[in-house]
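Two complexes come next, and they have one chain in common, subunit A, joined by subunit B in the first and subunit C in the second.
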Partner chain A sequence: MSKLKEGWKKFLTLNGASMFVAMVVIIILFEIVMQLTKTTSGLVFMTPGNLLGILRQQAYIGIIAFGLTLVMITGNIDLSVGSMLTMLCCVCAKFMMSTDNGFLGFFGTIAIGAVCGLLNGVLVSHVKLNSFITTLGTSSIFTALALKISAGTVLVIPNDCSPFFQFMGTAALGPIHILIIWLVIVAVVLGLLLSRTVFGQQLYSIGSNPVAARFSGIKSKRNICISYVITGACCGLAAAVMMANALSSNPQNASGKEMEIILCVVLGGVSVTGGKGSVWGTIIGVMFYGVLSAGFTQLNLSIYLQWVIMGAIMVAALSMDVLKEKGVRLWKKK
Partner chain B sequence: MKKLTKILALVMAVAMMLALASCGGSSSSGSSAAESGGSDLSGKTIGYVTITSTAPWGGLVGTEFERIAKEKGATVRVLDAQTDVAKIAEYCQQMIDAGVDALAIFGGDPNANAEIAKAADEAGVPMFMCALDVAEPGRQYVKACVGPDQEQMCYDIAQYIIEANGADSGMKVVQISGVPFLDDYIQREAGFARAMTETNYNVLEADYAYSSRTDAKTFMENHITAEGDTIDIVMGYDDDLTMGAVAAIDEAGLTGSIKVYSLTGQNDAIQAVADGKMELTVMNRAGDIAEETVNAIIEYLSTGSTEYYHYTPLTFIDKDNVQDYIGKGEF
Partner chain C sequence: MTEERVPLIELKNITKVFPGVKALSEVCFTLFPGEVHSLCGENGAGKSTLIKVMTGAHQADGGEYFIDGKPVHISSTQEGIALGVSCVYQELSIAPQLDVAKNLYIGNLPMKGKLIDHKKLYHDAADILSQLGMEISPKTIAGDLSVGQQQMIEIGRALTRNARCIIMDEPTSSLSEAETETLFKIIGILQERGIAIIYISHKLDEVMQLSDRITVIRDGQNVITMNTADATQESLITNMLGRALDTMYDKQDIPFGDTVLEVKNLTSPGVFEDISFDVRAGETVGFFGLVGAGRSEIMRAIFGVDKYTEGSVAICGKPLKPNNPSAAIDAGIGFCTEDRKKEGLMLKLSILLNMTLVKLPEISKLGVIDRKKQKQLGDHYVNAISIKTPSLMQLVGNLSGGNQQKVVVAKWLMMDPKLLIVDEPTRGIDVGSKAEIYSLLTELAKQGVAVIVVSSEIEEILGTCDRVITICEGKKTADYQVEGLEPETVLAAALGHAEYKWEGGDKA
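So, the complex of A and B:
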């Protein structure tokens, strides 16, 4: 029993643990409400199919959120991810419409994403511009480029385009959709990069204490720049798989997504001031957000009610994490 | 290295300014009558304020308006409020202060637009509404409203649905909409809701996918998970979003059992009607609205008057006439 208690305590100290508990509670709550309101028999929300579906729906946001985790751990931010995603979707659609070369469409988009990330990285790390303002500025550049590339209209990739390209966004391994596989691959690669490599540890040092990191001989500029390049490449991958799946883009395709992505990262326990967080925590953040969104739609709540409840849950969940960090015990033993 | 850094910073600052200008700021383009060959608007400066230039259909109204007005010899100034309704008034005032010869507005809040219309009228600037009417108090100040009646359009689509499925068949309807605070979507939903009061249909709350087909698909997947095969109808308020729902229905193997109705008339939606994946799309051509707005401006500037309502045609495309329209959408 004491071992179980100890294990529970240890679990709660983990990054994003309280969010995980909150997510499980919310999944159960959704199931109860649906059982009470729906006429169908059996489980509705807690089915593996639904949970896998949510994970698949969150793949695009998740892939970018994992990259952004690296940037935010260094104490910086990237507000351009939404418009970068939009622009890269337009680039990918344009590649496919003009060449029908799946290889170019897929990997070319990732490469251009990395270049966009490099632009942000150089400006923030080498030119030493404030990351908030810089990425807000580059966000406008990417929006303008998306508009230019798409000529302000819908870009539709033909249904009979390269099978390789379509495979990358629509294939499935049994019940596991390829989008989930992409999500897992990126999570594992970046998770290991962050937790098991010198580079990863250096990112934490830069975020915790940039001055100390510099005096310790850590190449802060290079590492920050690389974290932005990785985020850009993640945007490229998300754009490529999104296009492979949806076969359509427009210049407002993902506008506003940056807030969702940042929210997922913060919900996962990444500190906005840097130095704290993990990719594993971000996975929880991404899933938590996905569960809420899917649950609200499935319960057929009005958009306004959704916003209110979503906001309240977010504030409550984040407050719990902050209080825990400050050592405040929510429930005192009698 | 420091020098390089400074140069890089300078280059980036300039690039950002240029991008900001092209994205959120104004674009001014003029062409002389000699260059364009047109003469109807020669020497005139026309202001165009849009709620968005990046939404595909709304953006196309703007690009077509600019192109046609330029062809007629006008200088066109465009300001994009980037979905910020409050900015419409600010930008219109800028246009009025700049002394444009006529002002066209696409989108925004009909009540706020009424105030702008009054200000424009007092300044002697004739104002024209594209695709969206102004609120009642402002109509005396607006010279013309061009486009389909958005509310009536969706009322008519609903009537089409009722005719096809019966008013008392208790259909369960999923609604996929765009931006919750944009008035054209509000009016479309209102028109649909007005017709639905005459039925016993179970109309679910609208989902707002903004401009994301992927999000629309996600919404539809979630409805299919929760409601299963009890969904009968999907009403989409924009073809691009509706196509996301069509993809979700297709993947769930429910094509045919869920009937999909939409509007805009974009090419892949027309193809979906031909393929039996959609029942109806209504072609609402952005180019028609743009052209008719320019015509209304020309008529007003040359004669001093024009009709208030300039209705643009709507084409209902279903299985009976779809072959005539394949590939004939604007995008």
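So, the complex of A and C:
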């Protein structure tokens, strides 16, 4: 019994554990509200099918959020992920439309994403620009490029394109859609990279105290740069998978995605000042966000009201983070 | 000096306690109008704390504070300024983008209704500048002024607030000789107007030249207050030191090996100049100098975090790449920095990660950390140098100062350094941990590590080192063997009064 209690305590101190509990509570609340408004019997929201669907919807955002977690742990940020995703979707569509080479369409998009990340990374780490302003600038460049590549229209990949390419976005393992598998693969790879490798641990030290990291002989520039490249590659993967799944790209459809992605990362417990957080936390953040937005949509909440609520949650999450940094306790510890 | 005059400021038995340290204990101090009163003492003697109590930045825990004979309780620097106590700090607080007039009246601008009265502002500013004998326009941008002129603006700012007592903390540390003379003239002008000056400087000749009276404090206590006429530089130095060596040191005779570190003509303009020395395996060399003399900067340049323009550094005969800390670490240099919170530790991260940070590449395969090995290493060092913590996963920020310092030391011990530089290794830590750190340094020297100890405490240098190199204003002023050395000789050399007792290093 006491062992159980201790395990529970340990769980609660884990990164993002309180968010997980909050998420479960919210799922139950949604279920109750939906039970009240619907007349059919049985579960509505809490069905495995619905929850897996939510996870599937979150795949694109999640893949990028895991990459962004690395960047944010170093104390930097990437605001260009949304427009990068849009542009890479257009690039992928163009590849497929002009060559119908599945390998090029898939891996080429990832490579171009990595190059875009490298641009951000070099500007932030080697030219030493403020990451917020830099990526705001490159974001504008990517948006313009997306419009240029697509000529402002929806690009459609033919239905009979490379089967390899389509497989990457539509296959399924039983009830588990390949999008969820991608999400899990990226989470595991980046999670292990962050927690088990020298590179990952050095990212924490850079974010926690850049001066001390320099005094410890850590090559901060290189590490920060690599974290941006990884984020770019994640954008590339998300774009490729998205295209393989939908076969059409709208240059407008990913605008504002960076806010959702950052929200997921922050909700997952990554500190905006760096040095704290984990991929496991971000997973919770991604699921939490997915549950909320799916719940609101299923309740037919107006999209504008959803944005208001999401914005408020973002501000609240950031405030909590800052207050925690300052050592302000909202409630007393026992 | 007629003692019937009412002192402008009188402090009686002021005591100030910080957690674990008694910074001031029953300190008394009086200041008469129009007097220049110098405050002398070693680094950490309590001068700054005393000033902070006077200006209101700190509140005394005991004792009484009188201004014009009336008891006061000053709870903020604003209140202090309102009562006429202003301080010109070592670090200037000039807004470089604003013009001189706005800098003079910052926070106190003349108003006409809700708007700034620019006419009055520039008129008044010109008046203050002429009082200070400065021939510059009040519309000059402050950032374009020399450091000396900026300092005058700070003094001018005190005048605009009707200061009656101006505290100057090391005012000449960044001034040229000509600027210093101008400053002295201005001090004379202020004195004539009845403004009292508290003058703090490590430069004893300035103290002797300027002041009417001198108070020496040591270990947070009054040692003596004397009229300058009765004082000599020698008597000041003796009073500033005046302590016997402790028995907490554990110095042993260790045979020296080959030369490990060789520094030749290291120069960084304006910071240090033409520094040459070497350190042999098993040898412990102390660097002594006053704060700001350039000791830490030399170490930072050797380690590669700062640049240098001339000279060379070699480890075991191999030249070391400049400005590259990771190359320095690969070559075997460990560096426990002066400010462990800023430069040494990641307070938000675990003890384990902090300790093994430098070692990580070595205990990993293809970039994947061998976590078992990491934990073993952590356990080993926590026991070996007795870091008191419930767990390796504890955040470093939660440890006491002494234990934090041990984490930093452990970090560098793990890499088996050839040369270990420790900068102010015992600052802000308790006596027990101090002794442990000293015996650790001896242990390292025994293993053949070359050690450099940078310290502002003479006892620490004399108690731990084989040799001491003194630095004054960026230059090497002496290189003494420690055996039989008097603390006074070292302090005199660090103050730039060495009778150049050059011993030609240790090339025997």
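Convention: the second predicted complex is superposed on the first by the 303 of 334 C-alpha atoms of A that agree within 3 Å, B and C clash if a C-alpha of one lies under 4 Å from a C-alpha of the other, contacts with A are read in each partner's own complex, and residues count from 1 in each chain.
Heads up, the rule we're going with is that a contact is a pair of C-beta atoms (placed from the backbone, for glycine too) under 8 Å apart; a residue touches a chain by one contact, two chains touch by 3 or more.
What you are looking at is a predicted structure, and each value in this text was computed from that prediction instead of being measured.
After superposition onto subunit A, partners subunit B and subunit C are found to sit side by side with no clash. Contact with neither subunit B nor subunit C is seen for A:S227 once the two complexes are overlaid on the shared chain. In the superposition on chain A, the chain among subunit B and subunit C reaching more residues of subunit A is B. Legend: residue contacts after superposition of the two complexes on their common chain; A:T153 is shown touching subunit B, with no touch to subunit C.
Taking the Cα centre of subunit A as vertex, the centres of subunit B and subunit C in the superposed model span 120°, given to the nearest 10.
In the superposed model, A:A246 lies in contact with subunit B only, and not with subunit C. When the two complexes are overlaid on their common chain A, residue A:T135 makes contact with neither subunit B nor subunit C. When the shared chain is aligned, no partner comes close enough to touch A:Q166: not subunit B, not subunit C. Shared-chain residue A:S125: touches no atom of subunit B or subunit C. After overlaying the two complexes on the shared chain, residue contacts for A:G256 are found with subunit B alone; subunit C is out of touch. The gap separating subunit B from subunit C at its narrowest, counted between C-alpha atoms of the superposed chains, is 13 angstrom.
Within the complex, the subunit B residues that touch subunit A are 5, 8-9, 12, 15-16, 19-20, 22-24, 52-56, 59-60, 62-63, 180, 204-208, 210-214, 217-219, 221-223, 225-226, 228, 240, 243-244, 247, 266-268, 330-331.
Contact residues of subunit C toward subunit A in the complex are 303, 305, 325-326, 328-330, 335, 337, 342-349, 353, 357-358, 360-361, 364, 367-369, 371, 411. Interface residues of subunit A facing subunit C in the complex, by the touch rule stated above, are 196-199, 201-202, 204-205, 208-209, 211-219, 275-276. Touching subunit B in their complex are the following residues of subunit A: 34, 38, 40, 44-45, 49-50, 53, 57, 60, 122-123, 126-129, 137-138, 140-141, 143-148, 150-154, 156, 242, 245-246, 248, 250-256, 293-294, 297-303.
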